[in-house]
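Just passing along the structure, written as structure tokens.
Should a chain be cited, it is by its letter among A, B, C and D, assigned in written order, with residues numbered from 1 in that chain.
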Amino acid sequence: MSLWEYANPKKFMQTSQAVLPAIWGLTALSMVVGLVWGFFLTPEAENFGSTVKIIYLHVPAAMMAINAWVMMLVASLIWLVRRHHVSALAARAAAPVGLTMTVIALVTGAIWGEPMWGTYWAWDPRLTSFLILFLFYLGYIALWEAIENPDAAADLTSVLCIVGSVFALLSRYAVNFWNQGLHQGATLSMDKQENIANVFWFPLLVCMGAFILLFVALVLERTRTEIRARRIKALIARERMA
Amino acid sequence: MDLTVQDLACARGGLPVLEGVGFTLHPGRALMLRGPNGIGKTTLLRTLAGLQPALSGTISAPPEAMAYAAHADGLKATLSVEENLRFWARIFGQTGIGQALDEFNLADLAHRPAQNLSAGQKRRLGLARLLVTGRPIWVLDEPTVSLDAASVALFGQAVARHLRAGGAALIATHIHLGFEAAELDLTPFRARPRAMDRFDEAFA
Amino acid sequence: MIALLIRDLALAIRAGGGFGLGLAFFLIVVVLVPFGVGPESAILSRIAPGILWVGALLACLLSLDRIFALDFEDGSLDLLATAPIPLEGVVAMKAAAHWVTTGLPLTLAAPGLGLLLSLDPAAYGWLVLSLALGTPALSMIGTFGAALTVGLKRGGLLLSLLVLPLYVPTLIFGAEAVVRGAAGQANATPLLMLAGITLATLALLPFAAAAAIRINLR
Amino acid sequence: MIPDLGKYAGAVLSSYAISLALLVALVVLSLWRAARVRRQLEEVEARRVSDD
């Protein structure tokens, strides 16, 4: 059996129905464990005081904001190349989740920035990049909403997603060039785990896992909704024709 | 130079509207498409013109043989008759527009801006535009909308002249244009609703 | 294809609005800024490069929705899509016509408006150079956005939302080139990036825009 | 119960409050729309069966 069979709407509905309860359960469990661990059971950090606790929301949300866009890019490419409807609808389903993650990353970043840098907003490269990502999400969602023909909407948003990805990378470079910024370097990102003490790192790992699970659960749930909405549309059109 | 269509199915807005359409159009002939509103005449013509993909079936025609026209003429109000024609001639790789001007009785109006033409004159200009494409098969969608009886007659004569010259025409229209033409009623080709017991079939 | 460019330019000239609209808007933005930030020439001189670039960008944005809308309404776009010239070429010519009617006049008018904002004398050359390098990218990106929204009834606002984030890199490098040039710093990097963006968009976006138009005409 | 957050209590608590509110809103909206669309689909399917 090939992996592509899961791109068949019926197969997708069956499989997702079977696994969703487990994923929702794991999401709730890991979210509670991660956030309780992070909020109640970790010490204050030397330079940050208690604000270090914001990391358990800020970093996973920022990570998922970017990963959601990457997932949409992959799904768009699959739709354009292999014309699997589930793929296009999954990209549509992921966009509002990515948008919410972007907003959380921006808001927690701003709240954290006030005590650390003395300002809620600075045109720091990372913050600016997330603001631009926010605009990309808005445009992508608005384009989906504006087009009536579902296949045309899937095609056009896919093209926008691909072109937008290139420009998002370019913006990242441009923004870096434009302002070197105050933001923590990679100390707060996953690839440099040696820079962060284990006492903070382990709950952070749990939180990142929880956010990934939450993303998967939401995208599966929302994709199911999109597939159902598509079927309603087709059935109603059929009624009208008969 | 035949246009042959076999077992064609086409969709509008992602939903199949016509299926099993088949006909052959020979040079010198015209085919009138009939059928109630919403049956899919426009969809069929746009599919034939290559503006949208067919769901299934084959369309065989010589390459770049079809000139498509909906009731919008693609004319620019601020350009003169001659400029409009010359533009489309150049886009379609043709050179002369003199013949088109003469045949459609537009020579006297050549320097008048298109916005100052009457409805009938505009239609003649639209047809002259079909002529300067140099393409033999005219694909016309409701070409007589907003024309009075005299203009319709003039239009019919123009198409008849094109047919005598070895061209062909596929026309979606409700009225008689005053020349012999085969008719194709699309009603029997309405796409039958398919069983939709599985989620797959929600997607055309 | 040249015929298409010539036609679009002729239409822009005869319709009147083509050249004038963008320029007038640019002038309005630049005239309004001093009323907003105050008349001190030191402040104006510091923000002039950014204001001029933002003004040029907004003036470009203003006329984007007309790139394909008129041709879509009167059926020309259907005919162009069935014509023997490639749709990618049509898109490139549309972008070229947009640049000649907006980007080019904006570039030429920018030094005059720079006077109003007490632009640093050393910056004039860089301003014209950066606009000349950058505005073709603005036109091409905008043409892509117009192609995405061509069939939509209220595409204007959506078009601005789609195009705005795509304009960010061009704006950053353009304004940065002028600022650094005026301050006597090395500005080869932003200028090269600006030229690179323009070349890359001209090479690649016509394909994306033509694909979008084909989808929209279906 | 709540750990001593010191002078940054406001920042930490508001971060958690806003983030959790956004996440809960997203989940609730998604599930609510899922339920609504499922109900609509059931209605349409039921209508279809009675037609046939």
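As a convention for this text, a residue touches a chain if its C-beta (ideal position, glycine included) is under 8 Å from a C-beta of that chain, and two chains touch if they have at least 3 such contacts.
Predicted model only: the values in this text are computed from it and were never measured.
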item: Selected interface, A-D versus A-B, where C-beta contact pairs are more numerous; value: A-D
item: Taking each chain's C-alpha mean as its centre, the one farthest from subunit D; value: B
item: Most centrally placed chain - per-chain CA mean versus overall CA mean; value: C
item: Euclidean distance of C-alpha centroids - subunit A vs subunit B, Å; value: 48
item: Intercentroid distance (Cα basis), subunit D paired with subunit A, Å; value: 16
item: Approximate Å spacing (C-alpha centroids) for the pair subunit A, subunit C; value: 32
item: Whole-Å gap separating subunit B and subunit C, where each centre is the average of the chain's CA atoms; value: 37
item: In subunit B, residues with contacts to at least two other chains; value: 196
item: Two or more partner chains touched - positions in subunit D; value: 48
item: Per-residue overlap in subunit C, given as positions that touch at least 2 other chains; value: 218
item: Pairs of chains in contact (touch as defined earlier), listed by label; value: A-B, A-C, A-D, B-C
item: Partner subunit A, residues of subunit D touching it in the complex; value: 2-9, 11-12, 14-16, 18-19, 22-23, 26-27, 30-31, 33-34, 37-38, 40-41, 44-45, 47-48, 51
item: Complex interface listing, subunit A residues touching subunit D; value: 35, 39-40, 44, 49-51, 53-54, 57-58, 61, 96-97, 100, 103-104, 107-108, 111-112, 114-115, 214, 218, 221-222, 224-225, 228-229, 231-232, 235-236, 239, 242
item: Residue ranges of subunit B touching subunit A (in the complex, touch as defined); value: 13-15, 190-191, 193, 196, 198-204
item: Contacting residues of subunit B [partner subunit C, same complex]; value: 46, 49-53, 64, 66-76, 78-79, 83, 87-88, 90-93, 133
item: Complex interface listing, subunit C residues touching subunit B; value: 3-4, 7, 10-11, 14-15, 71, 73-76, 78-85, 217-218
